[in-house]
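In what comes next, chain A is part of two complexes: it sits with chain B in the first one and with chain C in the second one.
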Partner chain A sequence: MYDPPVSSSIDLSIPSELGYERVVREAVASFAHRLGFATERVEDLKTAVSEACLNAIEHGNAQTPGLRVDVTCVWDGSGLTVCVQDQGLRPYSGHVTPGIEQRLRGDAPPRGLGLYLITQLVDACGFKLSSNGGNVLYMCMRRCPRA
Partner chain B sequence: MADVSHNAGPVERVVELHLPSRLGYEKVAMDAAASLARRMGFSADRVDALRTALAEAITNAIEHGNAHDAQMRVLVMLTVRPSELVVSVADQGRKPLMPAHLSPPPTIEESFTRGDKGGWGIWLIRELMDEVEFTTAPSGGNQVRMVIHLEKQS
Partner chain C sequence: MLDNDLEVHIREREGVAIIDLIGDVTTFAEEKITNAYNEVSRKGARNILLNFRQNDYINSAGIAILIGIVTEVNRSNQRLAMSGLSQHFQKIFRMVGLAQYVDIYQDEDEAIRGFTAAMA
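Up next is the complex of A and B:
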């Protein structure tokens, strides 16, 4: 098995347009796989990262052409932290709506579960302040030893 | 990531990727570029050609330009245009590319007798990509710019 270094990082920057989140998803998956994460965890991370990028594009950058989404992935030797940053046209509250039952009953729109999904898929996540006013969503995943 | 301007026109989109200078990380760029190329409509064999050319270019940047210094970075820029994908790979250039490296590759016969089996990367990149150009990156390092044209499906 590939023995990951003590620390390592990659940075990505994409146009703030729907569809480009797939490029981030593949790059992050490839990085996590190299670091020795189990396939199942890599799949969870892919979904979480896609949701975070979609939020950045749709909400933080309000689907404005010409803006960017920046993604940094830092491995510290035991965990991977992925930060997704937009340019903060709209601030997010970070409020997670847990109304899954309501949505299943059709009493609420099916969209808007991105943050809830992220909280379920990664080991820790939250919002950080950014110096340039953008929203920064961080997601951490610890690496469990492979069976 | 503030070293590159984003004056992309309405029909040009840029994806940037910064990697550590460590062998194996070329895979991250290969997967990202393949995802983008598939989305643009490139056929599976063209996507494979792109993956191989990109792997060679990044390996050169890590091994030669950045001389395996893990503190140095490799910058990969993928520029999406309506009819082509432009891929540039830049290192931080401790070792400039020698003109001899751009000359014809060693022959198969030579390779059998030489201890070093390398030296085919640039030849391979030229074979696989539609346009290839070796320049100096804005950061002063080596840069290879490769273009792959999107052929219309008949």
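Up next is the complex of A and C:
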């Protein structure tokens, strides 16, 4: 198996336009494959990264033309940390709405499942503020599947 | 805009209205999927199968569209099933709870057998 050097990383920057999350998704998947992640983990990562980018485009940057979403992926020798940063037009509450029962009852909007999916698919995740006031959603995934 | 077209086709097989979804299921798919559902409902469909094919990308916006369809199906006393999902998206659908409300089959043939058994 390819043994990547510790501190391998990639940086990406995309416009705040729906559809560009797929570009990030494919790039991160390719990087994770290269790092030796199992296919199932790569699929989980693809969905988590897509949802994080969607949040940044739609919520954090409010689909504002000219604003960017920056993505960094850092391999530390045992796991991958992906940070998705927007410009912080709207802050995140961090509130996660699970499942669909409330949505089927009409008690919650049908959208908003992205954060819930992210929490389920990666080993660790959370929000922090960047120095320029943007939201940073970080996601960590170890190369070995969880037990 | 990087919106891949979703192809939606409607057909009927053994009393089941089949909606083939070929391509990405994202926010851009809402009108096509909703129109297809409305069309088969207008024609009196009681059993509806969403048949996914080559769906490399289904995101939370796409799942929200499907939740809307489930809501309508429940209101209209129809029966809804899904087939053709990859293992990953079957897992995602279980994760968000969709699998509690929709029968999920590996493929179209298995889904038709499921509808037939339920109608017997």
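Basically, the second predicted complex is superposed on the first by the 138 of 147 C-alpha atoms of A that agree within 3 Å, B and C clash if a C-alpha of one lies under 4 Å from a C-alpha of the other, contacts with A are read in each partner's own complex, and residues count from 1 in each chain.
Everything below uses one rule, namely that a residue touches a chain if its C-beta (ideal position, glycine included) is under 8 Å from a C-beta of that chain, and two chains touch if they have at least 3 such contacts.
Just so we're clear, the structure is a prediction, and the values are computed from it rather than from any experiment.
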item	value
Superposition on chain A - do chain B and chain C clash or fit	fit
Contacts of A:G79 with chain B and chain C, given as first, second, both or neither	neither
First (chain B), second (chain C), both or neither touched by A:T47	second
First (chain B), second (chain C), both or neither touched by A:V23	both
Touching partner for A:D11 - first (chain B), second (chain C), both, neither	first
First, second, both or neither for A:F31, with chain B first and chain C second	first
Which of chain B and chain C A:R68 touches, first, second, both or neither	first
Superposition-derived angle with apex at the Cα centre of chain A and sides reaching chain B and chain C, degrees in steps of 10	100
Touched partner set for A:G114, first chain B, second chain C, both or neither	second
Superposition-derived minimum Cα distance between chain C and chain B (Å)	5
Set of chain A residues, in rising order, touched by both chain B and chain C	17, 19-20, 22-23, 25
Residues of chain C that touch chain A when the two form their complex	1-4, 24, 26-28, 57, 59-61, 63-65, 67-68, 70-71, 74, 88, 92, 95-98, 101
Chain B residues within the chain A interface of the complex	1, 6, 8, 10, 13-20, 22, 24-25, 27-32, 34-36, 39, 70, 78
Of chain A, residues touching chain B in the complex	2, 5, 8-15, 17, 19-20, 22-27, 29-31, 34, 65-66, 68, 70
Chain C-facing residues of chain A, complex	17-23, 25, 40, 43-44, 47, 50-51, 54, 99-101, 103-104, 106, 109-114, 116-117, 120
